[in-house]
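Remarks on the structure that follows.
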Amino acid sequence: MTDARNLPSRDLSEKRLKQRHAAEARFKLYGQLAIVIALGFLVVLLARVVQQGYTVFWTHSITTSVYLDPARIDRADLEGNNFDYLAAQNLLKRLKVQDDALGLASGEAMDLVSRDLGYRILGAIKDDPKVIGTTLTFTVPVKANADLYYKGEIERSTPETDRKLSNRQLDWLDRLEAEGLVRSHFNSDFFTNSDSTEPEQAGVLGAVVGSALMLLVAAFIAVPVGVLAAVWLEEFAPRGRLSGFIEVNINNLAAVPSIVYGLLGLVLFINWLGFPRSAPLTGGLVLALMSLPTIIIATRAALKAVPPSIREAALGMGASRTQTVFHHVLPQAAPGVMTGIILSLAHALGETAPLLMIGMVAFTPGLPESLASAASVLPVQVFIWENAAEAAFHERTAGAIIVLLVFMILMNATAVILRRRFEKRW
Amino acid sequence: MSFTLAFALLLAFSVGVWWLGRRRASALAGGERLHSLPGYYGTWVALWTGIPAALILLLFLTAGPRLGEALIAADPPAAVASLPSETAQAFWNDAQSLARGEPTTAIQWTPEQRAALEQKAEQARQYNGFSAFAALALAGVLALGGFLLAWPRISPTLRARNQVEGWINIALMACSAIAVLTTIGIVASLLYEAMRFFASVPPLDFLFGLQWQPQIAMREDQVAAKGAFGAVPLFAGTFLVMIVAMCVAAPVGLFCAIYLSEYAGRTTRGVIKPLLEILAGVPTVVYGFFAALTVGPLFRGFFNWIGSWLAEGPLDPLGQYLMAVQNEMALTAGVVMGIMLIPYISSLSDDIINAVPQSLRDGSYAMGATKSETVKRVILPAALPGVMGAMLLAISRAVGETMIVTMAAGSQARITANPLDSVTTVTRQMVELLTGDQEFDSPRTLAAFGLGLTLFGVTLVLNIIALRIVQKYRQAYD
Amino acid sequence: MQQHIVTSYEEELNHLTAEVARMGGLAEAQVADAVNAFARRDVALAAQIVERDVRLDALELEIERAAIRLIALRQPMAVDLRRTVAAMKIASNLERCGDLAKNIAKRSLVLAETDPAGPVTRSIERMGKLVSSRLKDVLDAYTSSELEAATSVWTRDDEVDEHYESLFRELLTYMMGDPRTITPGAHLLFVAKNLERIGDHATNIAEIVHYEITGEDLPDQRPKGETLT
Amino acid sequence: MQQHIVTSYEEELNHLTAEVARMGGLAEAQVADAVNAFARRDVALAAQIVERDVRLDALELEIERAAIRLIALRQPMAVDLRRTVAAMKIASNLERCGDLAKNIAKRSLVLAETDPAGPVTRSIERMGKLVSSRLKDVLDAYTSSELEAATSVWTRDDEVDEHYESLFRELLTYMMGDPRTITPGAHLLFVAKNLERIGDHATNIAEIVHYEITGEDLPDQRPKGETLT
Amino acid sequence: MAAEGNPLPHDTQLRPPAVAAHTPVANAGVKIHCQGVSAFYGDKQALHDISIDIPDRAVTAFIGPSGCGKSTFLRCINRMNDTIPGARVTGRIEIDGEDVNARSVDPVVLRSRVGMVFQKPNPFPKSIFENVAYGPRIHGLANGKAELEAIVEASLKKAGLWDEVSDRLHQSGSSLSGGQQQRLVIARAIAVQPRVILMDEPCSALDPIATARIEELIDELRRQYCIVIVTHSMAQAARVSQRTAFFHLGQLVEQGSTEDIFTNPREKRTQDYITGRFG
Amino acid sequence: MAAEGNPLPHDTQLRPPAVAAHTPVANAGVKIHCQGVSAFYGDKQALHDISIDIPDRAVTAFIGPSGCGKSTFLRCINRMNDTIPGARVTGRIEIDGEDVNARSVDPVVLRSRVGMVFQKPNPFPKSIFENVAYGPRIHGLANGKAELEAIVEASLKKAGLWDEVSDRLHQSGSSLSGGQQQRLVIARAIAVQPRVILMDEPCSALDPIATARIEELIDELRRQYCIVIVTHSMAQAARVSQRTAFFHLGQLVEQGSTEDIFTNPREKRTQDYITGRFG
C-alpha cells in the first residue's frame, strides 16, 4: 500500500467511473425506450380503432314522403309488394328525375335508402289499411354507402369504377342534402339493433346481450367452483403427490390455448352431451372451464398472500380449519380474489377462438330468447364484421371494438381500483 | 316447474329445520356444555334434511328424461322399426315433444306412424308423470326421514361442527375435482376424435408430412392422399410467427419490467402499469383487426415502396419480390402478436424481479454499485430462471394464439423462414377446418382434432418446463 | 427515580436494600448492646449478643447471594448495579461490625469476672456511644440515600481515632499502675480497638454510599485516622 | 474450561484474575516483609512497607471497578459471575491484609526504639511465617483453581488461632514481668492480633475460592478459631 | 362493570373430575407432564425423548441454541404440530393428567385450553374488540352482547391494555404499536380462559421497552396461569421465569430453578451455553 | 499467498491531501464529523440537529428506543437515504474532513468507502467467491484474476470466514448458516477497502452463538476500521463498543465512552433507558 499506487489507480477509477455512469444512463434509456414502444403501440392501436370507428356513432337519415298508390299495391299479398321500389320512384319524382324504361334509375335510387323503408311502409299499412292512397312521410336511415359518402369516406375524386356509388347517385345525394331532406344525428340504431345483413341496420345489441348472458353463465359456474377449489387446494388438501398433481394440472390448464377449450366444448358439450350450438349456455360453459384455472390460481395467490401468522393465530385460538379459513383467511383475501375474478372474466369477455369452435359464427339477427337459443357475442361479432365484404362493415367493426374495449376497460379499472383500495402491506 | 317448486320447498324446509335445530341446541346449552355452537347443530340437521333429497331431485332431473327415453324406446312400434335411423330419431324426439306439449318437427308422419306417435307420447307422458311424482315423493321421504333421523341425535356430545365441516370439505374437494375433470375431458375428447382422424391418416404422415392440403380430402371418393395432411408446414408457420413475436416482445417486455420495478417512481409506475394492463386486456380479436386493417397494409405499403425503389436497379429481383408482398404475412402476425405479448412478459418478469428481496438491492447499493450494475449483476442473475420461465410461457401462448393469425397470417401452408411470406399456422387451420359445415366423419373436420391434440401436447410440454422453472426459482426466496 | 417497567425487578432491588437496612439495624443494635453490656457488666446481655451474631452472618450470606442472583438474572446497569454491589459490600462491612461487637461482648464476659475499671470503662463507653451513633448515622444516610449525611460521617472519622488514641494511652497508664490489671487491660485495649474498627467500618460504609449515589469515589486524602496506637 | 466465543471477554476475565493474583503477590510480600522487618527490627524495610501500601489500595479499587465494569458490559453468568464477584471480594480481603501488614510495620518502627523482646519476638515471627505461608497457599489455590488446596487452608485455620492464643498468654506474662514492657507489650499484642486477622483473611479467601469453583458455600461449622483472647 | 373474570362461564372439559388416581404427576403443582416425548419431521428427529414436568402458576422458560427444538416442543403441547405435514409426535404429554394426544381429545378444544402467543404479534385484521371477542364467540363462551363485552374488558384488563385502548376498541388491531399488539394477542388468548399459555419468542420482534412491558405482563399473569416461554435471550429467561429448561440438539439437557441454572448449572453444556462458550 | 491487503490498490478520493486547515475536527482520531444533521421523511423530521464525532479505529454504538432515528442517522452517513423517495438530509457530515453531501461527491464512490451491513444477512444469490469479488469487480480494484483471488482471500480471512469456507468458495452464499452469511456480508464490505463500516442491527436476526461470533469479529475489525453499529441490545452495545451514543425521539441525548454510559451516565434519560425505567 504505497503512495506510489495512489495516483494511477485514482485516474483509472475516475475513468472507470465515467464509463460506469455512461453505462447507467444507457441502460436507463433502454428501459424508457421499451416503455415508450409499449405505450406507443397502445396509443396507435387505440387511435386506429377510434379513428376507424368513431364515425359509426352518427349516421344520416333521409325524410321522404311516399304516395301509397292504391293501384300499385296488391292488397291480397301485402308482403309481396315491393315498397322499396315504390319509395324509390317517389324519391326520383321528388328529384324530378325521369326513370328509364328498365327502371335502372329507380334501382339506383333504391340503393340510397335503407331497406327499412319498405318494412316501415308495410308496417304502416298493416296497422291501418286505410292509409293506402294517402301520402305518408318517413324518416329512415340512408343506405350505408350513402352514409359513407356523407361522412366523406367515399369521395367523388375516386374514379367512378372504383367506388360503390355512381356519379348520378352522388348527384342525387348532393341534391337531397341541399334540399334539407338529409339530416345527420346520433346513431342510436347501432345500440338498439342486432346484427343484420344490411350494414346500416346492423347493431351491437344482440351481441352485447349475448355476451352478457354468456358471461353470467360463466361467472355463475366458474366463480364459486374456482374459489372453493382454490380454498380446498390451498387450505385443506393434504400436501402430497395428489395435490402436487392437481397443482401442476391447474397451472397447465391455465396455459392451454383457448382454442383447445373450443374443441373440448365442441366435442364434449355439443357432440356428446347434446347442448345447443351457438348458445350462450354452451359458450358460457366453455368460458367457465377456461377461466376456472385462472380464477383458481388468482384465488390461491390471494390466499397465499394472507400471512401464515393469521392462520396460526386462529388455529392457536382453537378455531377449526374451516373456521380459520372462512372467518379470517378468505375475507382477508377477498379483494385479491375479486380482482382475479374480474380480470379473468374480462379476459373471457374478449375471448373469440373457442366460441368459433362451438359455432358462434352463425349469423344471428335479433336477441337471444333463452340461454339455449342461438346468440352472437361481441368479439365474434367483431370477427364476423371484419370478414364481411362491405366497406361499411369495417366502420361497424371498429365501432363494436370500441364498445368491447369500453366494457373491458371498465372491468379492468374496477379491478385496479379494488386492488388499490385494499392493497395491504403485511 | 314442479321441480323448481320442489327445490324451493326443500330449501324452505331446510331453513326451518336449521332454525329448529339451532333452537334445540341452544336450549340444551343451558344444562351441559355443547360440543359446538348451536348454529352448527342447526346446519347439521339441515344438511341431513336437504342434501339427500336435493341429490335425488338432481338425479331425476338429469338422468330421468334419458331413462324415460330409453324405457319407451325399449319396444319400438312396428311403424318405426322400418324407418331409417335419422327419421327414427326424429320420431322419438317428436314423441317426447308431444308428451311435453311442445311443437313437433315438420315431418309429416303417416297415419299409423301418427298413431304410434300418439301412443308413445302417452307412454312418455305417463312415465314423466310417474317419474316426477316418484322423484318428488322420494325427495319428500328423504327430507323428512333425514330430519327425523338426525333430530333425536342432537345432544351436547354430538360433534356437529366436525360433521358439518366434513360436508364442507367434501364440497370443496368436488370443486377441485372439476379442474382435474376438465383436463381429462380435454384429453379424452381430443384423443377420441383424433383417433378417428388417425384411423384414416397415419399419425406419422400427419406429424412429418410436408404437404398440407386438406381440401383434397373433401372429395369422398379420394381417400386422404398421402401428404395432404402433413402438419409440418403449419408448425413451421407457427414457429416463424412465434419467433417474430418473441423478437418484439422479449426485449421490450423485459426492459419494461426492469424500468418499472427499478427506475420508475411510484407515480410513474402507478400510471404506466394500468396502461400496460390495458394492453394486456385488449381482446385478441382486436389485435387481429389491428393487424389485418392497420399493420398489414402499413407493412405492405412500406415493403412495396422499398420494392418500387429497388426495382429495375441492381437488386431488381428483390425489388420485384418486395413489390409483390401482400397484407397477410408472418411479419404482420408476428409483430402484432409481439405487441400482445409485451404486457404478458413484462408483468410476469415484473413479478419475478419484485420477488428479488429488497435486501439484495440494498446490499448492492451499499457496495457502491450503480442501478444498472445492480440490475445486471444481482437482480437479473437472481431472477434469470424465472424470466426464462416467463419467456417460455409467452412462447406457449404465442403458439396457441388464434385470432391474430386467423385474421392476419394467411392461409398458404408453406415451410419458409422469410417473415414477409404469407404462412399459415396450426390454430388458423383449426379455425378454418371447423367453421362452416362440420361433418364429423370427414377427415377434413377431424384433422382439426389431430392438430388440436398436437398443439395441446406441445404447449403442455412447454408449460410444464416453464412452470417447473418458475416454481423452483420462486422457492429460492421462500 | 422512576420505577422500573418490570415491577418485580424494582421489588427485588428494594428488597435487597431493605435487607441491608435490616441488617444495619441489627448490627447497630449489636454494637449498642455490646457497649451497654460492657459498661453495665451485663453478662446475660453479652451472652445474648454472642448468640445473636449468627443472624448477622446468615443475613450477610443471604444479601450476597441475593445480589449475585440479581446480577445474574436482571443484568443491572449503572445506578442499579452500583446499588447491588454496594449492598453486597455494606453487608460485608456490617458483618464485620457484628463480629467486632460479638468480640466486645465476649471480652465483657471475661471482664465481668475481674474488678471494674471505673473511669477507663466510662471512657470506653463514651467511645462506644460515639461509634454507635456514627454507625446509625451512616445507615440512615444509606436508607435515605442522603449524600451529605454520608460524607459527614466520613469526614468525622478522625474524632473516633482521637478518642481511641487517648484511650490507648489511658489504658497503658492504667495497666502500668497495677500488674494485676494487665490481663483485663489487654482485653480493654482490644475492646477499644474493636470500637475503633467499627468506626472504620462506618466510614467504609459512608464511602460505599457515596459511590452508590454518585458513581464516583471519595477523594483519596481522607482525614486518615489510622494510627500506630 | 472452554474459551469464550468473544475472546475480549475471555481476556477481560483473565485480566481480572491476573490482577487479583498480582495483588495477592503484593499482599503476600507485604505480610512477609512486615514479619521480617518486625523480627529483624529493620526500620528501613518497615518504612518501605508503609509506603508501598497505597499500591494495594489502588489495586483494590482498580479490581473492584474492573469487576463492576465487567458485570455492566459483559453480563457474566454462572461461573464467570462467581469469578468476578470472587475477584472483588478477594481484593477487599487482600487490601485488609495489606493494611494489617502496614500496621505491623508501623508498630515495628515503634518497637525498634524499645528493647528487643527476645523469645516473644521469635514466637511472633514464627506465627508470622505460618500466616504468610497460609496466605501464599490460598493464593496459589486461587490462581490454579485448586479446590483441595483452598479447603486445606480453610481447615487448618485453627492452627493460627492456637498459635495466637499461646502468644497472647506469653505476652501477658511478658508484660507482667516488667511494667516498662507494657507499652511495647501492647504493640506486640496488636502485632499478634494482626497476624491472626491475616490468617482469618486467608481463610476467608479460601472460602471465596471454594464458592467460586463450586458455586456452593463451605459448611457453617468451620473449625472456628476466633477466641476472646 | 362486572368483576374481572366473573361473568366467564367455566368449563372443565380438559380437567379431570378430581386428581385422578392414575395421574403420574410428581407433585401437586404440576400442570403439564411430559414423558418420553419425541418429535419427527419426516425422517428427521427433532426431539429426543423429552421428559419434563411443568408447574402451574409459574413461568417456565425454554432456552437453547437455534434449531434445538424449543419451538417444536412448545407446539407439541397444543398440537400445533398437527398442522405441519409430515410432523409426528410420540410419547405422552398430559395436561392436568389428560393425554393431549388421546383420540378423544379434539385439538380444537385443546387449543382453546392452551393459548399460544407467537414471535411476531399477529392480531387479526379486525377491530381490537373483535380480536378479543373472536375466541369467546367461536367457543360460545358468552350469552349475549353484555357478557361478551365483559369478557373483552376483563381480558384486556388482565393483559394491561385496557387503559390504553378502552376509548378506541373499534379501531383496527393493526393500528397499535408492536408491543401493544403483542399484549392484544395475549388478551385474545386469555379471553378463552386457557389453562396454559405458550409463548414462542414473544418479544423477539419488540424493542427493549415493549419487551420490558411484556415481561412485566408475564410476571403478572403467572399468578393465574401456567406459562411456558421460549426465548433466545438468556437474560429474558433469567428475568421472567421461575424454572428454566435448556435444550440442545433436540435433547433436554438440564432443567431446574432459574436461579440454579443461571448461577450454578449442573451440566457442563448448560454452563457453556449460558456463559457464551459454545460451539 | 499474497500478504493480506497488500495487492489492494489504495486511493484517496475521500481523504484530504493532508490534514486540511479548515477541517473542524476535534482531535486527530476523529473519522466522521457530524454537525447539526437533521433528516426528514417528507414533512416528518426524523433527526434533530445531531452533532457527533465518531473516532477511527473504534466501535461506536448507537442505542435508543425503536424509531428514535438510529438507522436514519446511519444511512445519512453513506447516503443510503438518497434511495428513499422523500428523504432529505441537512447539516454537515464529514468523513476524513470531506463533506459527504457535497456536489462533488459521487454517492457510488462514497458507498464504496463506507461499507454497510444490514440487519438480515443478505448475501447475493451467487457463489461465496462471487459475493466477495462483486465489489472489487464493479469498482475495478483488481487487475486480473490472481489479484481478485488475493482480495477475496484477504477479505474472507479478515472476516474470520476463510477457514470455514476456503474449500467451498464456489458454493452458493445462501448455503451458509445465518451467522456465516453475516460474516460473508462483512467480508464483502471489507473487500472494497472501506474506511468506515456501518452496521444496522447486524445480529438481531442471529442466535446468541452466531451473535457472539460476530461480536468477536467486530472486536477484531475495530483495530483497522471505524465501525458504527446500531443495536437494540444494550448488552451488545456495552460489549462491543468503545463509545456509545444514545438517541431518543430523533435527538442525540448523550454520547461518551461506553463505560461511562453504562456505569454512570450523565443524563437522566440515558440512565432511565439503560436501567429499564422508560416510558
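By letter and in written order, the chains are A, B, C, D, E and F; residue numbering begins at 1 in each of them.
Criterion: a residue touches a chain if its C-beta (ideal position, glycine included) is under 8 Å from a C-beta of that chain, and two chains touch if they have at least 3 such contacts.
What you see is a predicted model; the values in this text were computed from it and never measured.
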- Task: Would you mind naming the chains that touch chain B and likewise touch chain F?
- Result: A, E
- Query: What is the set of chains touching both chain C and chain D?
  - Reply: E, F
- Central chain (by mean CA position): E
- Query: If you average the CA atoms of chain E and of chain F, how many Å lie between those two points?
  - Reply: 38
- Quick one: chain A and chain D, Cα centre-to-centre, how many Å? 104
- Note on the structure: Cα centre of chain B to Cα centre of chain D, whole Å, reads 96
- Euclidean distance of C-alpha centroids - chain B vs chain E, Å: 50
- Residues of chain E that touch two or more other chains sit at 108, 138-139, 209, 212-213, 234-235, 238, 262-263, 276, 278-279
- Note on the structure: Going by residue number, chain B touches two or more other chains at 161-162, 370, 373
- Query: Which parts of chain D, given as residue numbers and ranges, touch two or more other chains?
  - Reply: 4-6, 9, 68, 72, 75, 77-78, 81-82
- Pairwise chain contacts under the document criterion: A-B, A-E, A-F, B-E, B-F, C-D, C-E, C-F, D-E, D-F, E-F
- Note on the structure: Given the complex, residues on chain B that touch chain F span 265-266, 357, 359-360, 362-370, 373, 377-378, 381-382, 476
- Mind pulling up the chain F residues that touch chain D in the complex? 209, 212-213, 215-216, 219, 235, 238-239, 258-259, 262-263
- Given the complex with chain B, which residues does chain A contribute to the contact? 20-21, 23-24, 26-28, 30-35, 37-39, 41-42, 44-45, 48-49, 52, 224-226, 228-229, 231-233, 236-237, 246, 248-253, 255-264, 266-268, 271-272, 289, 292-293, 296, 320-322, 343, 346-347, 349-353, 356-357, 359, 361, 379-380, 382-383, 386, 394, 397-398, 401, 404-405, 408-409, 411-413, 416
- What residues of chain F sit close enough to touch chain C in their complex? 234-235, 238, 262-265, 271-272, 274-279
- Mind listing the chain E positions that touch chain B in their complex? 11, 13, 106, 108, 138-140
